[in-house]
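Labels for the chains are A, B, C and D, by order of writing; each one numbers its residues from 1.
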């Protein structure tokens, strides 16, 4: 595999929570990932089309605002239809409306076809090593983040 | 049609109104004269503006939660609980995210899924879908004033339905409900659509019905310096008043440094009144709203109580007229009704215990007050300049030019060039001014404060410092000190 | 034997010591030289005095819970939880009420009943019954310093066992653990018994082991004016230092008015250091302890969080070295470990968020500081006068004469003539001075403040006002305003 | 029955919580009750002896500190032995160690022979009307409390 993997990142549905997305994009880029950031209000189609266009190895979906269940349903099926059915898919954020038992939440999203499901408050430091394993790629992280903001 | 800050002609308004009411079938339920009659019959304890006037007179800070679920009777039950068990002084109805983006069909699906799942699948109440009669049922079942709280760039139909439905206050504005809540909506459109809302409120006002209007102060909720939200709030206030609004509440989201927060609330009211008289508007009542910390919360409920309580302290010492309350579930999800009531009760315990105590008057407070005023005036002056005297056109151009700029906002209309960071005492300052029209005095002030922190932490202020600040409160701190 | 403030002769001490160690079989386990050796081997992170020195140096406020249960392994589990999940900086072991009254047989029954019922039937840990080895197990299982917290008029055997058991701090004093905690114990006896404890601590000190001593600041926890607890705390400090104690923490129980609370903590340290140098003691380290509200709490947990948080704010802004944390179960019963940890977490969230913020320096604060100092000096001067220069004898006589007097105390040695009440800002003042030796300036100050409140409430200050104040915080207020 | 009933009031066992006791004594006296107040640290024997000596119609026991269960056990039996077995007995305060379901607590104390059991935070206003009923006596309460403290 190429030394710099490409991933598609975005906040799905009618969700406008932009802060976590900015930080994820920044941290992933700092770690050497090529980040295609759709930003907020991203539709399922945008995720799929960008993944195809850029030959991405993973799709990272955020949903913060509670409608994730409705917004994410069918995404895996669409990747299959589009011929990228085996692409790695992560989802994270506040994935359901309200406080719900985490095991149940994880189950709901795994059943939808996500490979990994991340709870509220996940830090980039916890995502990047996992991505490294799942994409068998060498992370170029040196200590913690530094430098200036690439996207702002 | 050119965007201008001028009171809409009633005919023009009526013409557009016909289209608005056709956007969803429930629009047909709105009959303005009948609605005015309905509003007239509401008892005064259900009128937001009257409760605010009482709060101002008695020096009380009213506590208001956020709350909304998909279905009507569940919403009524929830709000009753917050009123009776929680002791909320005024109530909200928070609107779901599909409605906010006028996706009424998706909201409809959400209603049906909620019925099917037996739990709310929507993060708020889809008032448009439910319609006028449903809103009235809510208003009638409760004893305190109700406000619509949302985040809708085009809230015209929502306003029509909820005001006809007996709500007596309506949050939002053409900037504050666009920049943090949308990606592709042009400011010219959202400002115009909010002129419509304000014109509607003005129409009620002309007919003897005061509806309170509240620009959304916290914006993105994340390290927004007071001058930014103040400038936007005051501009929205002036735009609203031009359309006939007479009861305005201006909001501000807690930054966390007590002196800055108290100075922010005081300067907000003083500046608004200064501009209102400068623009020669009279008979406008301005009140203030303090939002408990709007950024990321800690996950542990007990730590969240700490954050909530500190917000209550600042609201009380600032003598804000109203405080918007967070809950111990904030970091996790839409709160249970118990968690929501808990936030109100913790807040009211503090408000009451502090109601007889005062913020100490110091030079530091005065200095903070003055810098906020100076910055805010610089931002508004530039808006007037760019608009050649017209605030509506000026606001649009200011965002284009980046002389108004909101940190971390999703909107493409926003330059996104400024970068806030905390100083060594936790006050929010600017690390990057972007294109803000600030003179050297202001810039030096910020730089000096930030460099104090840099020295203290032995590191150069950078985006890493900003990231640390974004996480800080959720990790139990105010200032994001470097990890050891 | 006449009560005097003089360092005990080692032979006299040793003689009494033999009797003390015979009071309960576990006394035989104490071997002082071996105990000194054990203490010497404790790592410095387990020494209370060192943690306090670090707190003073770094400007940190340490958070400490109260906690104690009947059985050893349950206690260890509880304390570990408070350390690890709660984040307590220093830990207590709270002793049960039978042990506090030297009723070791009843404590023994309590241990057995607890084993039988599978829940703690005692409100604390009966350390005397469990003995030295049990204490060491506790100390060894935890990573932070441990203090004995109790309320024991005669704590001689308790001190012997727990200090030999590796505890590095010991709360209490001859006045503060008598007047609020006993009915019939003469002050001459409790003061002497505490001279014993201090002499024991002094002996450890002479042998290179610093044990921190902390007079119990809050007394009855109910509307105690700062000058009363300050005078008693400083006298106990001086008595302890005479016996060789070198690490002293002085406590104060939150009254609820921020200015008064901050002034109280500052004046406490300043006064103590003033008197220590006046009496020509040197090498004594004085630190301060702030107790979150010690009177009746609200029953709702969320409201209790409000009270806890407000206490944390005052502790942080006063820069107290340590804060004693309440829990959301306070009004109901001994807290579950989760509730206890929750109190610590809420507190630490606030302490951290405020660690970079300062109390505004105002004339009001200065005025409050000065009045507390003036009052406290008047009380201590009178004690010196009555004791003809001797503080121990003077203290006893001062209570007889009512020139030292604690509100709502159960002890017959206490005159019970003074009556505190809140002023219009919630600061605790005196409605009835009893026999306190205050000059007209001080009296006028109190009267004026109280009359402001009377006017505001249109009622004459009376015992009814005091009763209203006693209930106020538990009913969600600070000042007990008349019910409407 | 005599127009001013006599009651014995006290805080039982090794308990020193004095504040509630003071207020109860004050409020009951204001309401016209003759209060024999034992104060804190009162033993079972003191309750019984005072009740006999003063011909009291009721014993009001407080326990705040958590050891109430152990301290109150056997009190009813002692009243029987002393020949005042039918005397009205109330108990109130924080009656067990820790937060416990109130119904359980009430049950424990009723089984010990108390006629009424009052939860934490009970106000005098709630006790006095009950006492009035149980002693069929005319309370002389006018509005809320007033005047100066009798005992302080």
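Quick note on the criterion: a residue touches a chain if its C-beta (ideal position, glycine included) is under 8 Å from a C-beta of that chain, and two chains touch if they have at least 3 such contacts.
Only a predicted model underlies this, so the values are computations on that prediction, with no experimental measurement involved.
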Discussion item. Which chains sit in contact with both members of the pair chain B and chain C?
Written reply: none
Discussion item. Going only through chains that touch each other, how many steps at minimum separate chain A from chain C?
Written reply: 2
Worksheet entry | Inter-chain centre distance, chain B versus chain D - centres from mean C-alpha coordinates, in Å | 53
Discussion item. So the centre of each chain is just the mean of its C-alpha atoms; given that, what is the distance between chain A and chain D in Å?
Written reply: 65
Worksheet entry | Interchain centroid distance [CA atoms averaged], chain C/chain D, Å | 30
Practice prompt. Check the chains against each other and report every pair that touches.
Written response: A-B, B-C, C-D
Worksheet entry | Touching residues on chain A, where the partner in the complex is chain B | 13-16, 18-19, 22-23, 26, 39-41, 65-67, 69-70, 94, 96-100, 120-121, 123, 144-149, 152
Item to complete: Would you mind writing out the residues of chain B in touch with chain C in their complex?
Response: 256-259, 298, 300-303, 305-310, 312-313, 328, 341-343, 345-350, 352-362, 364-365, 424-426, 473, 476-479
Discussion item. Considering only the defined contacts, which chain C positions touch chain D in the complex?
Written reply: 97-98, 100-101, 103, 106, 109-110, 113, 119-123, 151, 180-184, 220, 222, 295-296, 299, 329, 331-336, 339, 408-410, 416-417, 419, 462-464, 466-467, 470-471, 474, 483
